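Once you scroll down, you'll see the structures, which are given as structure tokens.
Here chain A shows up in two complexes: once beside chain B, once beside chain C.
Take a look at the complex of A and B:
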């Protein structure tokens, strides 16, 4: 019983962190209809940078999110302005290929600059845990979860309470109508891409503590994140949260009762099972396309 | 000699290159290194050419295609290990495994037009690696499998492998070319350009995509078996490396996605660059960077790829001049052709309802677009559906043709319930439609547009030759009917709006429809073309085709159609012959407005 509660608690903690990571991907897709294959590479890029900040300057890896988040916001904005925006209006498959190329470039740069080896940031609390009854909650996981929840909350407030957020949501629903009422499509798109990248800023910093990583790890991560987003329904934020929770639980439960090696596989099987029943994902809506 | 001249230049060039490659090991047998490089070029080229079927023709990008090479390798190696048979003879089974896995996964993720496919392609690759590492009894895990050495004398070096890969490459290209020429290929391109429209002209998009994914995996799987034998060793990391997929994607993109020879040319270039980077650039690490930079650069600056870009440049210098001479003749025997065909397909000349809509409802959130609507279309009639904007006419069309599912109610066509059928099945039953805003496949030629529809779901139809022979001849005839035979070779996107409407009509006629739904055939069309359209509609109707027309051009409707149904707020409010509708006060009030007087119709 305690084992089950332990697995569930860990699953929720990890699910919250996955939710943060996937939120950026789903936001970018919702507004731009771009599947950002480079999102995983963003995470690894930030994780590597965070590791360096921790190792060389001594900044706590999770606190480092304060630096990496605005940094990634800027990187995302520039990337959109100078690279991604050039293929607007082209077939959606081109954006998959372009962001795949960007992911490779980031992987290559990390390979050359940081070297092809496993890393992990191990601050003092790395191996400590909070004890709640008979359940052990690793401190790193708890801190990461809290940071993720705070950032998700802020993201939610930005999207629902500010003019910028309304502009982003309006553009995601109907770009041409948004443009007609004075929402500049390019500016909004750049903002959405920047916000999505910024979420990888926080996510990457948290990742550096929780998972060992190396440059090519981004394939694992993008595959996980895309899985979450597909499971929840492309472009749906509640869908991403649900998908993330399911992935977190599937992983910890499989790791507890079977073995960690099969955890990812179990998740893919869950995706296949869901898609078998609901081809559009859990929260995916089929909008009317005739009146676009 | 004349036969050779008639061949397009690109086939001629491909033949010459093939002859040279066939001769190379004979001319220069003692150089293993260049042979090894060429062999890897063939392997990459056949993978890129296969990838092109799903990701080039159909536009569904696979980022994990090298998985099929690994699957083929493992299948062959495991069977060879247990049976002692020579891997060469088992290699085709590698292709079978690849097809099975592709079609199984495809059957799950390719049912929607969504983006689940991209992720699944990466996930499959990673999953395959996980399985290969962890299923030790079968795969020997990370230790990998070692195969016996080739049975031939060392004097032959790798020359048998050289020819094996070259043969597989030739087969792959022939296969891809055959698909491209068949209606299957046209349908795949239609899916790439506009999946919803493709479904409405009878393309079973789900089956097409699943078959395309399967077809794109077979030769890679076979090659995987041969490759395992060539390497005599395989392990999970090497067999399921994502870098292999990167090379495939890059090759097809560099050479020209969606073309026959583009992926081959691209693969030769990419493999040479890759080889160069390995020899001179050092590590795998920097190779990823180089490949990534090339990929980004190609997407941004050469999105069409090398071959199409060169071809376009060539075209600009050497414009075609003899394109439409042979089609002019089609115009002359136009009327006879129409009647003959339409009659052959519509034996049901006796009166009675062809289409019956009962209590059909569709809601979008809080908006009820169609509200318990009833509608009957009599066999052989030209029925009109008029009504103010937003009254639900187009939505009703979408419900009848299956573009969207009904919330409630039934649709019966020719005595058969069709409201649960997918759009393509309705098209196969003889239900055709045009769109309010034309939806031609803009990057296809006019002729390809007209050839694309499938009147039934049989495999024979699917794999019929599309670009020549009977289908193409019929398409030319139909273009003649709408008076556009001269434009067969033009890009559809280059036509005027009114011409596009006519092409769309010809496209629908290819379905041999019994009922055609026309959504605002007169919208945005100039008067002279409009005359042409009504003339064609009348002619087809005389030949037995029934019409349901949504139109705002009231004089045209009252002149052409009988009966006329008037729609308002999602349901019909009046029905009757045009004379009655013209005078009905309810209609005048709801739709035509108070200013409208009957005599205007004659003005």
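Take a look at the complex of A and C:
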């Protein structure tokens, strides 16, 4: 019983963090129809920068999100304005090429500037745990999870309660109609991309504590995030959260009751099963290509 | 030391490319065959390395190792009196690219010699190109058992032992303990990696034969990032020994999870993760390295010929960084080729090959010699973290520390 509770608790903690990392990807796709392959590279870029802030200046890596998030917001905004906006209206496959190129550039720059080696931030609490009955909850995971929940909550509130958020959602549902009622397409798109990138600011800072990383780690992350987003429904924030929780739980439950070797398979089996029944993913809306 | 299995398709591509390559090679002769006497003409050694992609980290270290060797030999007047020039290209950790790289190096650039690339995945394909072209292929990192089942004559693995024999020296140490002090139970988690898993499997079989009871085994995929579940499973079984087939992140990840769950085994062994000196100790926390065992092909302080010069020159060239094992392995591979070329006195692939099959080469890894299939016939060093530094503790003549920390203290 304790084993099951332990596995469930860890799965939820891991899932929450995955959800945060996947939220930017799904938001950007939802609004821009851009599949941002560079999201993983953004995470590693931020993780490296966070590591540096922690190592050289002594800022706590999770607190460093306060710095990295606005920074990534700016980076995302500039990237959209000067790079991504040039492929507006093109097929989503073009965005894959462009953002994959972006990911390679980031990996290359990190290789040269930061060096090709493994890093991980190890603040004092990284190896301590909270004990709840017989269940141990690693502190770093708990802090990361809480930060993720806060950010996801804020993102959700922005999208549902503010004019900007409604503009973003309107653009994602029907860009022409949104433009008709006065939503500036380029500004909204830049904002959505910036918000998506900003989520990688928090995600990357958390990643730096939880997982050792090096410049080429972004491949592992983007494949995991794409799986989550496809399962949840591309463009859906609640979908990303659900997909991430399923992946987290699939990992810990298969590791506990079978072998971790099956974890990936179990997750992709779930994806296949879901896509057979709901091709748009758990929470995805069917795309009306004629309206887009 | 990151390795990946080989797909059937890539093997097919490799052999096809190699066959085509061999046909093309017959059309031209190597520059050295015409002008071997010209002393000012550089001797060109072709290498393809994974400088980007999955294996970029060890690949870049290997490049440094080769470079240090080339700089040293050029300072000493070159090889056979000719300056050495390395032609290093990037294969982006791709099997397809490595095949076309070596084919181009051998058949178009007509390099005089080649040296191997990094990882079994890439060397498996690259060595097939070299074999078809009758080029001696000394490689620094490709010890998966599959490498040596193809009956290649030109393949030489420049490390002391292949994967299944890497932990022999650790098993020897367990054997040397009085029966009462040997671990009673053991857990064996391993990454699904052709370089990590055979080490752990072979160790488990040998220890089971000694009466060590296996209480846990598991294999996890390379992209595993969360180790709490494995750690909590093992903690529940309370094994005396945890022996992990750890490439790198997984080694750090498991130790961190064990610490979070407050379980410390009496003996901790990991395959290659702890050999990444600074990165490992900063990843798990320096206090927690105490007593962790691993086996390794090379050690910075080992008293092997030229080792001190290698370390000094490496540090001088790369901002005082300590060389990684991967750089040392590459350097040793170059030493092997150098010894053979010097002994033969010519760039003659057949003679070089025959000489290597018949002789033992002294390298910074210690003496290396090979079976007919290119498999090395030595033993790894047993190393242990002690007071924040990695020490060699066995075999005795290579040891840098006379004490062995046993049992391992609690994580700190």
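We adopt the following convention: the second predicted complex is superposed on the first by the 272 of 292 C-alpha atoms of A that agree within 3 Å, B and C clash if a C-alpha of one lies under 4 Å from a C-alpha of the other, contacts with A are read in each partner's own complex, and residues count from 1 in each chain.
Assume a contact is a pair of C-beta atoms (placed from the backbone, for glycine too) under 8 Å apart; a residue touches a chain by one contact, two chains touch by 3 or more.
Since this is a predicted model, take the numbers as computed values, not measurements.
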Following the superposition defined at the top, how do chain B and chain C come out on chain A, clash or fit?
clash
Applying the document's definition of touch, where does A:251 land relative to chain B and chain C: first, second, both, or neither?
second
Give one of first, second, both or neither to describe whether A:107 is in contact with chain B, with chain C, with both, or with none.
both
Based on the superposed arrangement, let me know which partner A:136 touches: chain B (first), chain C (second), both, or neither?
second
Chain touching more of chain A, residue-wise (chain B, chain C):
B
So in the superposed three-chain picture, is A:211 touching just chain B, just chain C, both, or none of them (first/second/both/neither)?
second
Touching A:260, do we find chain B (first), chain C (second), both, or neither?
second
Looking at A:220 after the superposition, I want to know if it touches chain B, chain C, both of them or none. Which is it: first, second, both, neither?
both
Touching A:116, do we find chain B (first), chain C (second), both, or neither?
both
Only one listed stretch of chain C (78-86, 186-194 or 384-392) runs into chain B, and it is 186-194
Shared chain A footprint, chain B vs chain C, residue numbers 107-108, 111, 116, 215-216, 219-220, 223, 261, 264
Using the touch definition up top, name the residues of chain C that touch chain A in the complex.
52-54, 56-57, 60, 192, 218-221, 223-226, 228-230, 232-233, 236, 248-249, 252-253, 256-257, 259-262, 276, 279, 282-283, 285, 288, 411
Chain A partner contacts - residues on chain B that touch it in the complex:
55, 59-61, 63, 105, 108-109, 111-112, 114-116, 118-120, 122-123, 126-127, 130-131, 133-134, 192, 196, 242, 246, 249, 253, 283-293, 295-296, 298-300, 303, 364, 394-395, 398, 403-404
Using the touch rule from the top, collect the residues of chain A that touch chain B in their complex.
29, 35, 37, 83, 86-87, 90-94, 96-98, 100-109, 111-112, 116, 215-216, 219-220, 222-223, 226-227, 229-230, 234, 261-262, 264-265, 268, 271-272, 275-276, 279-281, 284, 286, 288-290
Contacts from chain A onto chain C in the complex sit at residues 3, 6-7, 10, 14, 107-108, 111, 116-120, 122, 126-129, 136, 138-139, 141, 210-216, 219-220, 223-224, 251-252, 255-256, 259-261, 263-264
